[in-house]
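Take a look at these structures.
Shared between the two complexes below is subunit A, which pairs with subunit B and subunit C, respectively.
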Partner chain A sequence: MVTTVSAIEPPQRKIRISTSGEDLLLRLCLIALAAFLVVALLLPIYTLLSKGVQDVDGNFVGLQNFIAYFNEPRVSVVFFNSLRISVVSTAITLLLAGTYAFALTHSRMPGRGFFRAVALVPLLTPSLLPGIALIYLFGNQGFFRDFMFGYSLYGPIGIVIGEVFFTFPIALMIVLTSLLTIDRRLYEVAKTLRAGRLRSFFTVTLPAMKFGLSAAFFATFTKVFTDFGVPIVVGGSYPVLATDLYQKVIGGFDFQMGAVVGILLFIPAAIAFLIGHLLQRGRGAGIDGSAVIYIPEKSRGRDLACFIFCTAIAVAILGILLMAVLGSMFRLWPYNLSLSLASYNFSEHDSSGWGAYRNSLKLAGGTALFGTALIFFGAYLLERMPGARLLRAMIGFIAMVPLAMPGMVLGLSYIFFFNDPANPLGGIYGTMMILILSTVVHLYTVPHLTALTALKQIDPGIEAAGASLKVSRFSTFGRVILPVCLPTILRIASYLFMNSMTTISALVFLYSANSKVATISVLLMNDNAMLGPAAAMSVLIVATSAGVVSLQWLLMRGLLGRTQAWRGSER
Partner chain B sequence: MVKPLVPHPFRALCATLMVSGAALLGTAQTAEAEELTVYSAMAKGHFAELMEAFQALEPDLQINQLIDSNGPIMARLLAEQENPRADIIFGASVPGLVMLEERGMLEQYAPAGLDQIKDRFRDNRSDPPHWVGTDAWASAICFNEAEGERLGVEAPTSWEDLLRPEYAGMITMPNPNSSATGLLAIVGWAEIFGEEGAWDYMDALHENVTQYVHSGSKPCRMAASGEAVIGISYPAPGVKAINDGVPLSVIIPAEGVGSEVEGVAIIAGARNPDAARRLADFATSFEAHQIHNSYYALVGREGVTNDVPNYPAGEEEALVDVDFYWVAENRDRILEEWQERYGRKDEPR
Partner chain C sequence: MMNMVDNSVNPSRPVEVTEAEKALRISGLSKSFGAFQALRDIELEIEKGEFVCFLGPSGCGKTTLLRAIAGLEPQDYGLIEQNGEDVSSLPVHRRDFGIVFQSYALFPNLSVTRNVGYGLRGTGMSKAQRHARIDDLLAMVGLEGQGSKYPAQLSGGQQQRVALARALAPSPGLLLLDEPLSALDAQVRLHLRDQLRQLQRDLGVTTIMVTHDQDEALAIADRIVVMRQGEIEQIGSPEEVFTAPATPFVAGFLGDMNFIPANVHEGGTLRIGTLPVAGAHAHGFGSGAAVNLCIRPANILVGTAAEGAPNQLQTRIETISFRGNVHRLVVRCDAIDQSLELEFRHKGQSGFELTEGAPLTVALPPEDLVVFRAEG
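Take a look at the complex of A and B:
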C-alpha cells in the first residue's frame, strides 16, 4: 500500500523547505564550510599528488618518480623497516593494553582509578619525549644500559619501546570501551551453564574484545607507521619512511622525491583507515538499554596478578616521564649530575629561546578557539540542518579524511600549495596562521565525531518545538543546543589545545623564522645533541598540557553540576 | 517589530569566529616596525651573541631569525626561491652560497670595510662580491678521554688511525646530505687521498661508524656526552665542551684537514634590502670579528687574531686548499654517491 512507501521517507523531509532568510544563511554557512575544507585540505592534497608525477620543471612524467624511488636500492629497506617496526610495536602495544584494560575492568584490584589515569599520561607528551628519556635510561651512558645486554638503543629497539609508550593510551582507550560494554548477564548465563572461568573468558570476554582489539590495531598501526618523533630521536641509522621523508626534503632539497615518499606514507595509513571504517560499520548494536554493567567477583589471585602487572606498566610510564624531568635538571650529563635549572634557560641553547614556547601557546590557543568554533558549528550544520543532503554527505566524508592523513604529508602539501606565488592565499605562508590552519585540519576528525555524537543525542524534536514556537533556528541553537553541549565543547577545546601543544609532524615543514614552536625547538636542540634543554622544553610542554586538562576537568565538574542536571543522577 | 535576521546567541558565535579570524590575521600582518629576516646555519651561541650586538645597534629593528643546519637552510631557500622570505643569510657554508649565486639568488654588495677582508674570505669572481666570509674552521676529531680510558682505547692522531678495528662502533659522523661539516670532511679527504682514495677511505671508515647524524656539531657533542667515543666534527663545539669541564680532546689529524668558510650574503629580491645591507656591514665590522674570533681561530678580517682558550693548536698549518667552486659543482654527485654507498646502513653496529 501507499503508506508503506511513505513510512520509509525520513520525517524531516516533510518539514517545509522554504527559502526564508534563515535557511539561506544556513545554506551559505554550509557552502562556506565546504569551501574551507576544499581549500585547506583537498586542494593541497591534489597539489601534492600532482607533484609526485612531475619532474623538477613541472612537466608531467607519470609514475617515473615512483619508479626512480623504487630503483634506489635502499627503498625496500626503508619501506619494510617501517612496516616491521609498525607490526612489532602494534603487537606489543595491543598485548599490554589489552591486558591492562582487562585488569581495569575485570578485577577488583585496588587503585583502578589511579592506574587508569596514569595510562593516559603519554597523551600529554610530544612524541619526541619518550626517545629523549630512553637515551637517559638505556643510551650508551644510560642508567640502565646494562639491561640492553650489549644491544644498542639506537635503532629498532629504541623505536619500538618509544612507540609502545606513545601509542599505549590510544590502544587502551579503544579496548577499554569495548570491554565496558560487555553485558554482565552474559557471564551469569555462562555460569548457569556451568562454564568454567577460562571458558567464559574465551566465549564471552574475548569475542567482546574482538572489535575493540581490531580497531585498536588499526589506530596503533597507523600512528606508528606515520610517526616521526620517536625514530628521529632514537632511530640512529635505522631509516624509516617518516625520517626518510624528512631527510629527502629538509636534507636534500628533493621535493619531488619527498612527494613520492609522502604518498607512500599515506597509502598504508589510508588502507588501515578504510578497514577500520568498514569494521565500525559492520559492528552490530554493542549494548542495548537493558544491559547490566559487569562487576567482577572477588578473586585474590587474579586481583594480585592484575595489580602487579598494572604496577609494572605504571612504573614504566611514570619512569619515562620522570626521567625526562630529571634529565632536564642535570648540570652536565653524564659527568656532573648535580641538579640545576640551567637547561631551562632556553636563550642559551636555542635561537628563539622562550619565544618558541610562547609561539606554542599562541598556536594551541588559536587552534582551540578557531578550531572549536568551526568544528562544532560545522558538525551542527551537518547533523541538524534540513535539506542539502548531498552536500552534507560529501562534507561528512571529507571531514573523515584528516584521520588517514599523516601530519608530515599534510605539511608537505601545504608548502606546495601555499608557497606557490600564484596562490592568492600565499600571504599566510610562513606565518602563525598557516600553522593554526594546518593543525585545525590535521586534528579535525576526532572532535568532529565527538561533536556529532553529542548532537545526535539531542532530541530532533527540539528544533520542531522551536519552529512551532516561532523561534528562529539560531535562537534554538544558542539557547538549547550550545548549553546542552557545553561539556562536549570544552572537551573539544581541550583536545585541540593539548594536541597542538604536542604535535610536530605537519609543523616540521611549515614553521618559519618567527613562528617556531616548542616541539620544533625540541627537535632542533636534539639534532644538536643538546639533550638537557630538549628534555626541558618537552617537560614544559607536558606541564602545559597537564594544566589544561586539569582545568578542563575542573570546569567540567562545575558545569556538569549546573547545566547537566537534566541528564539525571547517573552522571 | 522587525525581527533581527541573526539573533544574539548566534551573533556571539559569529563574533567569536570573526574575532579569532581577525586575531589570526593580526599575527599574520607585518608590524609597523622595520623588519629583517635572517637565515643562519651558524653555531647557536655564536649567532646569538652576534644578533645581540647587532640588536643593540638597531634597537628598533625587529629581527626574525631562523637557524638550522646548512642542508635545511638551503632547502628552505630553494623552496622559497620564487617567493623569497629571507632577506639575508648570515652564516652559511660558502659552497652553498656559491650554489645560490649560480641560481641568481644572491645580490651583489660591497659591505663597509671590505678592503680589510682577506682574499680567500670573499667572492673573487665578481665585484662587488656576492658573498663575504666571516670565519673559517677545519675538520677535527673529538675524542672522549674518559670513555676511551674505560674502553681501553687510545686517542687517534690521524685520519688513518680512525680505521683501526678497536674503534668499531665508536665513531659518529655528520650526514653530508644535511650537514656542511659532513661534506667538508669528505672534501678534505678528497684533497688528501684523491677522490678515489677518499671513497676507499670512507668504505673502511663505514665499518667503524655507529651513526651518521643530522648536524655537524652533533658528533662532537655525542662524544662529549659519552654517547659515542669519537666524533668527526669541527673544533668549536669541542672547545666549548672542554671549557664546560668535559674530559674531551679536540684533535687535528696529522694528514691535514679541509677547511670551510662561512659567510654572509644578501638575497636578491629581499623585502628589506636596507636592513640587510646594514647587517652585512655589521658582519664584516671589527666588532663582529671580535665575536667571530671568540669562537673561531680563523676569521675574515686582517689582524684579528685573539687566542681562543683550549682551541687546538696547529689548525692553520694543517689546512689543505679547498676549491669552493669545485665543491659547489660536484656537491650533488658526491652526495648521491655517498647515499648510494652508505645511506643503506640500516642496522646500527
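Take a look at the complex of A and C:
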C-alpha cells in the first residue's frame, strides 16, 4: 500500500535546514572535543596496546610477550600477587564498609553524622600517606611493632592494611547509597507479615545491600589492583604489578616488558570496571526517587554494638591521619621524638624544596580550570546539542573509558605516544602541560557524569524557547545554563583540584625535574629514607585538599543561599 | 483578569487578504523517524487570526507537526509557507513564531520580568520601551506586580501565563502552543482555557494548539485538525467534526459513540439485522454493503421522548451510572443483539422505571445517525 503511494509521488527535494553560523560553531566544538579525546586518550592507548604485541624491534609477535610472561613463574608471580592482594583487601574493605554503612543507616547510635564525615577522610589523602603512617605505627621501629607478633609490616600485610584505609570511603559510599534506597514501607510490610528482625534483615536489608556490595566489590578491586602509592611505600620485597611496572620502566628502562605489564594491569581493571558498570546500569532503572527513608527503631544492644564498631573504625582512620601529622613533626624519628617543624623545611631535604608543592598547586589549578571548562562544555554539547547523534554517542562512550583506565597505564601510554620523535605534539613531553593533560583525561569520567546529570535536569525546551525568541544558543548557555549549573561546576572544579593534589599514578612516568609535584616528592623522599619530610609533604597535601573542600562547601552555601529564591529547596 | 491592551501584534485586520497570503500553508509534508512514518503527506492551510487545534491520540504526529512548523524537528519532505514565504529550510531563529511548551521551559534563574523580556534584548527597543512592553504583557496575562518573582515561586497556572507572555513579547505572527494546559489541575485548566481563547481573539494572533483533549479542542478552536497515525483525518469547525465526523475514528475520538452494525439494501435503505431503519439513507454504498450506524449516547431518545419517534427499540437496562447532571445507561436490545450506551438528563424525563433489569423504550432519531462503511 505504501508502494502505490510513493510510485505516483513526484520526486521531492529532501528538506535540509540551512545551517547557521551558530550551528556550524557547535559542530566544530563537537569535532574539537572528539579530536581531543582521540589524541589524548585513544591514540596513546592504541600505541601502548600495539607495543604489547611487538618485539623489541617493533615486529608483530602476537601474544608471544604474554605467553613468555606467564611461562616464567618468577615473573608472573607478580601478577598473582596483585590478584591475591586485591581479593583479600577488597573482602576486608567490603566487610568493614558494609557493616559501617549498616550502622550508619540502620541504627540510632549517636554521632552518625560525625562517623560519616570521618569515613570520607581518606579521600583527601594521597595513597602514599597510609603507608607512611603505617611505618610509624607498625614498622620495624614502629610504636606498636609488638602487635605484629614478629610478622613484617613490609609486604602483603602492610599493603592490605593501607589499601583498606585507602578504599574504605569508596566502598562505603556505594553501599550507603544502596542502603539509603531501601523503602521504609518494605520493613513495615515485613512487620505486618510477622517477620522477625532477623528475617527482615535477610529478606529486605541484605538483598538491597547485595547490589551495592557487588558494585563496591568491583570498584574496590579495580582501585586496589591498580594502586601504586601503598605498595611502593610498604610493599617491601613483595612486588605487585604497579610497583613492578614502575621498577621496569623507571629503574630498568625496559619499555617492552613495561608495555606487557601495563596491559596486564589494564585488562583485569577494565573487566572489573565493565562488570561493575553493567551491574549498576541494570539496577539503576529499578530505583525511583519515591522511596520513604527508613528510620530504625531504638535498640540499645544494636546501637551500642554499632557505636563501638564505628568508633573503632573512626579511631583507626583518624589514627592513621594523626600518625602522619605527628610523624611530620618529630625532630628525628625514632631517636628524637621532640616536636619541631624542621621536616617542613623542604629545601633541606629535597632539591626542589617547596617547588614541588607549588607545582602541585599549578597542576591542580590548571586541571581544575581547564578540566572544568572542557568537561562541562563537552557534556553540554553531548546532552543538549541537536543533531550529530552518532558522533555524540561515540564521544559519550569514549568519555567512559578513563574510568576503566589505571592512571599508571595512562602515564605509560603517554610516554609511548608523546615521547615518539615523530609526534608533532612531542614538545609538551616533560612540561607541566602534559601533567595537566594526563590528569584531566585520567579524571574525566566522574565529573563528566556529574555534569550530564545536572544538564539532564534542565528543561529540554530551554534552548528551543531561546531560539524562538531569536536569542542565540551561546547566549542562552551563558544566561541560563551556566547560572543554573553553577553548583555543579563548583563541585566539578573542587573534585578535579582535590584529586589532582593527591594523584600520583600517571605522574610517576611523566614528571620532569621542572614539573615535579608534591606526591612525587613524597615518593622520592620516602625512597631516600626521609620519612619525616615525606610525611610532612603528605600532610600538606591533605591540608590543601581539606582547604579546597571547605572552600567549596562555603562557596556552595553562599551560592545556594543567594539563589535560593529560584532554586527553591534544591539539594 | 486578562485585560485588553494596546498591542501591536497583528490587530485583526480586515479580511481583505489575498489567496496567497495564508498565515500558514503546508503541502506534501512527511517525516519519518527511522522506519516509523510520523507524518504522511500533510496538507493544511491556516488563515490569519485563526485558532487551530491539532487533535489526536498520543503518537498521532500532532506534536511532530508543530515542531516541524517551528523548525525544531524539520520535516523530511514538503513545504511550509508562512505569509506566502517558504520557510521550509529556515532554522528556528529565523522563523516568526512564539512557542509555549507543555513544561513551559521557563528560565528558572531569571525573574518573571527577565523571562518575559528575554527576547526583547537586541531588538532595538530602549530599556524603557522594553519595560513598558513587559508591564503591558504582564497586565495582559493578569500577572501585574509579579515581575520580580521567580518561576519556582509561581503556581502552575501563573507559570503558564508567564510562558505565554514570553512567547508573545516579540509580537510573533504565529503562536504555537504544545499542550499548554495539560500540566494543570482540572479547575485551573478550564479557567485558563477560556482566558487563552479571549486573549487570542483580542490579539488576533494566528494560533496553533496541540492537544489530546477533545473537550478542550471543541471549546477553544475555530477549526480542528483531527490526526491519526501521521495523517489528517478531518479538518473542520468544532461543530462539523463533532456532528459530521468524516471517519469512524473521528466519530469515536471526539466523544462517546455507539457503533451499530447494519446492512445496505436496495435504494440505499438501511437495516439493522432485519429491522428497517427509517429516515436514514446510505448513498454511495452498493446494495448489501456492511456499514456502521453511529449515534452519540446523548442523542438517543428515552421514555416519553421516545414515544412516537421513529426507530424505536425495546431494551432492558443493564447498568446505570450516575454522572451528576446526567445518567449514563447501558441498555440491551435483544432484537438486534446489541448493547447501547445512552445518556439523559434525569430532570424532566419520565415514563419509565430507572432500575437495572427494567424495560426501556429508546429511539434513534434519523437526523443524528451517521453512516460509515464497516471496517475489516
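The working rule: the second predicted complex is superposed on the first by the 540 of 571 C-alpha atoms of A that agree within 3 Å, B and C clash if a C-alpha of one lies under 4 Å from a C-alpha of the other, contacts with A are read in each partner's own complex, and residues count from 1 in each chain.
Note that contacts are C-beta pairs under 8 Å (C-beta built on N, C-alpha and C of every residue); 3 or more make two chains touch, one makes a residue touch a chain.
Quick caveat: nothing in here was measured; it's all calculated off a predicted structure.
S.K.: Which chain, subunit B or subunit C, ends up touching more residues of subunit A in the combined arrangement?
M.R.: Tallying touched residues of subunit A, the top partner is B.
S.K.: After lining up the shared chain so the two structures overlap, which partner does A:433 touch, if you call subunit B first and subunit C second: first, second, both or neither?
M.R.: A:433 sits against subunit B, while subunit C stays out of touch.
S.K.: Look at A:467 in the shared chain and tell me whether it touches subunit B only, subunit C only, both, or neither; answer first, second, both or neither.
M.R.: A:467 contacts subunit C only, not subunit B.
S.K.: Across the two complexes, what residues of subunit A are contacted by subunit B and by subunit C?
M.R.: 472, 479
S.K.: Taking the complex as given, what residues does subunit B use to touch subunit A?
M.R.: So the residues of subunit B touching subunit A come out as 3, 5-10, 12-13, 16-17, 20-21, 23-25, 27-28, 37-40, 44-45, 47-48, 51, 64-69, 71-72, 74-75, 78-80, 82-83, 85-86, 146, 175, 177-178, 210-215, 217-218, 221-222, 224-228, 244-247, 335, 339-340, 343-349.
S.K.: Note which residues of subunit A are touching subunit B in the complex, please.
M.R.: Interface residues on the subunit A side: 21-22, 25, 73-74, 77-78, 81, 135, 139-141, 152, 154-155, 236-239, 247, 249-253, 255, 332-336, 347-352, 362, 366, 369-370, 373-374, 377, 415, 419-421, 426-433, 436, 472, 474-475, 477-479, 482, 512-514, 516, 524, 527-531.
S.K.: Within their complex, state which residues of subunit A touch subunit C.
M.R.: Result: residues 5, 12-20, 23, 458-462, 464-472, 479-480, 483-484, 563, 565-568 of subunit A touch subunit C.
S.K.: Per the contact definition, I'd like the list of subunit C residues that touch subunit A in the complex.
M.R.: 28, 41, 70-72, 74-78, 88-95, 97-99, 101, 103-110, 118-119, 121-123, 150-153, 166-167, 169-170, 172
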